[in-house]
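In what follows, chain A forms one complex with chain B and a second complex with chain C.
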Partner chain A sequence: MDKFIALTAGGIALGAVLALVALGFLVLYKATGVINFAHGDLITLGAYIGVWTVADLGLPTIPGYVLTIVLMGLIGVLIERVAHAPLRKRPAMVVVIATLAAAIVIRGFISVWQGATPRALDSPVGGGVLRVGGANIAYQRILILIVGAIAVIALLMVFQRTAFGRQVRALAADPETAQLMGVRTKYVAMAAFALSAMLAGLAGLLVAPLGAVELNFGFGLMITAFAAAVLGGFGSLGGVVAGAMVIGIVQQLVGGYVLPEYAATYPAIVLFIVIALRPQGLFDLARSRL
Partner chain B sequence: MRARPALTSLIGACAVLVAACGGSGGGSEKGIDEPIKMVGLWEVKGESAAAIDDYNNGARMAVEKINAAGGIKGQKIVLERVAADPLNPQKATGQFLQAVDKDPVVMLGFTASSALLASKTQVDRAGIPLISLASASSPLRFGGPGGSEWFWVVQPSDEFKDQATVRFAVEQLKATKIGLMGTNESYGMTNTKAVAAALKQRGLTPVATRNYDPTATDLTQDVLAMKGSQAVIAFTYPNPLAVQLKQFVQNGMKIPTISSSSANIAANNKLVTGEALSLLYGTNACAPVGSKNPATNAFGQEYLRRFNQIPTDLAAESHDAVYIAKAAIEKAGSTDPEAIRKAMNSITVTPQQGIICAAEYKTDGAHFMNHTVSIQRFGTDGKSTEMITYQFPPTEAAKG
Partner chain C sequence: MTPREPAAAQAATTPDNANKTDKTNTSETSENQVLRDPLRAVRPPDYRRHHFLAIAAFVVLVALIAPQAATSRSSQFLVNLWLVYSIAALGFYLVFGLAGRFAFCQTFMMAFGGYTSAWITRGEDGQPFWVGAAAAMLVTALVAGVVGALVRKAQHFYFAIATFAVTQVGMVVFQRADGFTGPHGQAVGIDPPQLFGYEFVKDGQVFWLFLGTLGLCLLLTACIERSPMRREALAARDNGLVAGLSGVAVQRVQLVLFMLGSALGGLAGSLIGHWQGVIGTESFHIDLAIGIFLMLLLGGITSMWGPLIGAAVFVGLPRVLSGIEEYSSIVYGLMLLAVVLLLPNGIAEAVRRFADRVVPDRLMRKGVPFARS
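Showing the complex of A and B:
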């Protein structure tokens, strides 16, 4: 039973991180039609900036993390200006390729800045554990769950109750009509890139204390989160969060009991099955709506 | 009749030209006043995702020491470098040819065996001695399709490292219940299989074997599978090693873990601290800081002072590769590649000749030069202490 509890807790924490990453994908996709393949490297960059602000500059955890998130937002705007704005009239595939180029540039920058040596980011809640039903659950995983839930609720509020959210929803529903109605796509795109990069940075900050930060840190998370986003139908926020939870729990629980060597491939297997049986995703409750 | 003086002049000019070319052309002895050029095939920080400064720093320290002491038979060493990406073996041939264009006496490097294997044909063709810093794996054995009469390897072989971890776990930690963990790609899979076979020879079966994704951030399932183990042998990278060690402690499992050079990187960079670190052991050629050998320690302290970083065994091996080249050139009595090749096959390089990371380097049938592996444990400052050193017999040349 203790193994089941530990695996379930790990699965939920993984699902929370995947939800943050997948929502970063979704926000950008809905606002601009772009799938950003630099997202994995933005997760890595966020973690490295966190190491820099907290470990190198010596800032206390909360100001260090806030500074990291702010910097990530600015980096998101920079990517929009360089890799999206000049290509806005071009086919979406051109912009997708530009995001791949952005990924290479980010990776190169980190490589020159930090090198190949892994770095550590201490957990703000320490290395302790909470004992539940005989299983030990690390405080950091509980923190991931709480912060992830707060971020998702905050995001829902932004989309439901702010002008930015209404504009993104309008663009997602009908881009041409939204522009005719005066939605300022330039500013919405900049804000969406910033928000997406901030979510990537937050995911990086939350996951880094579990192990260490190195150049490939964000790549695996990006791929798994992409599977979660597709599973959720790339439509509603709730669908993507549910997709992320399904992926996280399947990977941990099924991987814990059946063929554990192949646990890393389970998200891809789930993805293939869903694409074959239900191409619109499991949770296509409100297509093109947030 | 008038043509004869012109013809004589032409022949004379050609003779002078040939003589001049003969003095400095590739594949023959360099002039006595020329510096001895060595080319390092490695990267420095920022050149790729896997680039580290250790190889370059270690070799440059050796070159500076040798030159300060008068060079090799009065000739100074010049060390140049070609960035050889360990992650892209398909680029290795081109990078090797760039190094050949620099017309070196000896080449040092290729830090990945895949790069060395990819450029093997060019290595044979160039006929320039190459002292490799790649991991000494079976495919590189001389006599086999991947081996060459022109390269030698200074790292202890993977097989020695596998055997050393098993011996240490069984003989020193007195473990009879051993778990195996590793990444689910070539490095982790190959070595976990090899160690499982080594355990079997001792009548032991692993408690569990788990191979996981190198980018894993949660190893709960794999860690819990190790319950009941008295020791865990792990073939993994620093990041998942840190995840693994932290999760052992979080789950109340105080199991000693023996890993490779990832252990040194994890400890040096404080990826794990406290109890997790106190249960970690590393398997390497040497421990530049914390060795029982004063010369190794002196190198480690000097490196730490100059570069503000604890050196890995890779830095020490790179340092030693320069001294091996020096010993071979001295024994050959010239910079002629063929003479150096013959010398490489017969020399024994000892600490008295400047090396710091082995009791001796001596070429065996496989062209592997280091037959010792040491086990280290770590202090809270990340510095390692040598626990025990194992000596292994020479490896024979591959057949066929």
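Showing the complex of A and C:
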């Protein structure tokens, strides 16, 4: 039972992070139609910038984290200017390749800047644990859940209630008509890249204290989050959050009891089965940009 | 234009009949060429590209130049690495360039091929090298067949992600399945390649084996390039619905190319294993997966020579940047970005365009390797 509680808590925390990651690239996908292969490396970069601001610069947690997220937003805008804006008229595949190039550059930058040795980021809530019925739940996981829930709700509010959200939804539904109606694609794209990168940075900051920060830290998260997005139907935000929770809990619970050494492969297996059964994803990609 | 009867063509071009045939003389020069060689007009454009001549020229050139140029151990190593990566990238060209399948599992196929070959040739009663290499190709083709059949309807990103999932599962399984691979996924003590009693031990000897194998792989690719399969694959890639309605077996063509390309990946993995003597999952990490993708995009996705050029850039670039090696991945990324922005179809296409502009049209027809059809 203790193990069950601990694993469930771990699964929910993982699900919250996956939801943040998945929403990060979904925002971008909805606003611009780009699937960003650099998202995983942006997560890694966010974690490293967090380590830099908190551990190296010695800033207190909150300003350090805020600075990290602001920097990530600027990097998102930079990526948009360099790898997206010049390619807007090109086929989607070319833009995807450009994001892959951005991923490689970010990777190279991190390895030059921080070297190959893994870094550690201390948890802002300390290394303590909450005891629930004999199971230990790290405070960091609770923090992840709270911050993740706030971020997801805020994001949903942004999408439903603000002009930016309406414009993104309009672009997702019908780019041509949205432009004819006066949606300024350029600014929406920049804002979407910035928001997406900030969400990636937030996810990186939240996960970093649970383990070591190294070069492939974000890539696995991105793929798992992609599984969550596909599972939840690539379109709806709520579906993606649900998919992220399912994937997180499956990975932790099934992985905890059945063949634990293969736990890392479970999201990949779920993903493969979903794609084999529903080749276009659970919803049609072409129609699901809303 | 319709080809004319050879006899009529001869009559039209003989000076005696010039006064009768004013109209034919004033026609375009291209038509004159057709008249002189009616077969040329009938042959499909792909047949005018002299694939086999180009491959022979390539193999002879590399055989003459590489052993002279690569004298040090490290440069011999790099040449071999280039040849063997070219084989893997050529396989990926079949999958991604022709069939348009965004497969992210070529490194998995390489690793699987390497392990299979190592496993089959292991021990006192192990099979000879060529059986191992053949088994590597067979097994990877079968795996690709199963995977490709299961996700046959998945398009673009879904296919990429599904094949990436295969890679991820495969790499974990390789690390755990000690009986098949070795402790911690490290297969060690693989015998050097041996053919007809000749053992390829040193890098300089392995070079000949790799060059020969690459030559054979190029021949295979050229056969595909010249076959209706290329046309069908391109049609299926560019518009699957229309191709399907026109009678192209879209899924079958894509599956066959995926299997063939993966088999080349398996062959490359097997060669790497026997050459190095060890094989481990870390040599087939995500960096190489992106690297193979890079080779194809840098070199050019529209030509079978693209992957070779791209592999040369990929292998050679760290050497060029020897002082600032740690920046090499930044340089790769920026190069990829520059190529995407400036040369949308890669280096091979750019060379071909340049040649088109510089070399007179008639020379091009006579079989310059990159000649446009």
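The rule is short, and it goes like this: the second predicted complex is superposed on the first by the 277 of 290 C-alpha atoms of A that agree within 3 Å, B and C clash if a C-alpha of one lies under 4 Å from a C-alpha of the other, contacts with A are read in each partner's own complex, and residues count from 1 in each chain.
Basically, a contact is a pair of C-beta atoms (placed from the backbone, for glycine too) under 8 Å apart; a residue touches a chain by one contact, two chains touch by 3 or more.
All values reported here derive from a predicted model rather than from experimental measurement.
Trainee: After the chain A overlay, clash or fit between chain B and chain C?
Mentor: Here chain B and chain C cannot both sit on chain A without a clash.
Trainee: Would you check which partner chain A:181 touches, where first means chain B only, second means chain C only, and both and neither mean what they say?
Mentor: In the superposition, A:181 touches no partner, neither chain B nor chain C.
Trainee: In the superposed arrangement, does A:107 touch chain B (first), chain C (second), both or neither?
Mentor: both
Trainee: Please work out whether A:264 is in contact with chain B alone, chain C alone, both, or neither, and reply first, second, both or neither.
Mentor: So A:264 meets both chain B and chain C here.
Trainee: With both complexes overlaid on chain A, does A:14 touch chain B (first), chain C (second), both or neither?
Mentor: Touch status of A:14: first partner only.
Trainee: According to the stated criteria, A:157 is in contact with first (chain B), second (chain C), both, or neither; which is it?
Mentor: neither
Trainee: Between chain B and chain C, whom does A:216 touch in the aligned arrangement: first, second, both, or neither?
Mentor: both
Trainee: Per the contact definition in the header, classify A:276: touching chain B only (first), chain C only (second), both, or neither.
Mentor: A:276 contacts chain C only, not chain B.
Trainee: A:74 in the overlay: touching chain B, chain C, both, or neither? Say first, second, both or neither.
Mentor: Neither partner.
Trainee: Which residues would you name on chain A as touching chain B in one complex and chain C in the other?
Mentor: 107, 111-112, 216, 219, 261, 264
Trainee: Show which residues of chain A lie in contact with chain C when the two form their complex.
Mentor: Contacts found on chain A: 35, 82-83, 86-87, 90, 93-94, 96-98, 100-109, 111-112, 216, 219, 223, 226-227, 230, 261-262, 264-265, 268-269, 271-272, 275-276, 279-281, 285.
Trainee: Give every residue of chain B touching chain A within the complex, in rising order.
Mentor: That would be residues 45-53, 184, 210-218, 220-222, 224-225, 237-240, 242-243, 246-247, 249-252, 265-266, 269-271, 274 of chain B.
Trainee: Considering only the defined contacts, which chain C positions touch chain A in the complex?
Mentor: 150-159, 161-162, 164-166, 168-169, 172-173, 176, 286, 290, 293-294, 297, 326-334, 336-337, 340-341, 344
Trainee: Residues of chain A touching chain B in their complex?
Mentor: Listed in rising order, the residues of chain A that touch chain B are 3, 6-7, 10, 13-14, 17, 107, 111-112, 115-120, 127, 129, 136, 138, 207, 210-217, 219-221, 252, 255-256, 260-261, 263-264.
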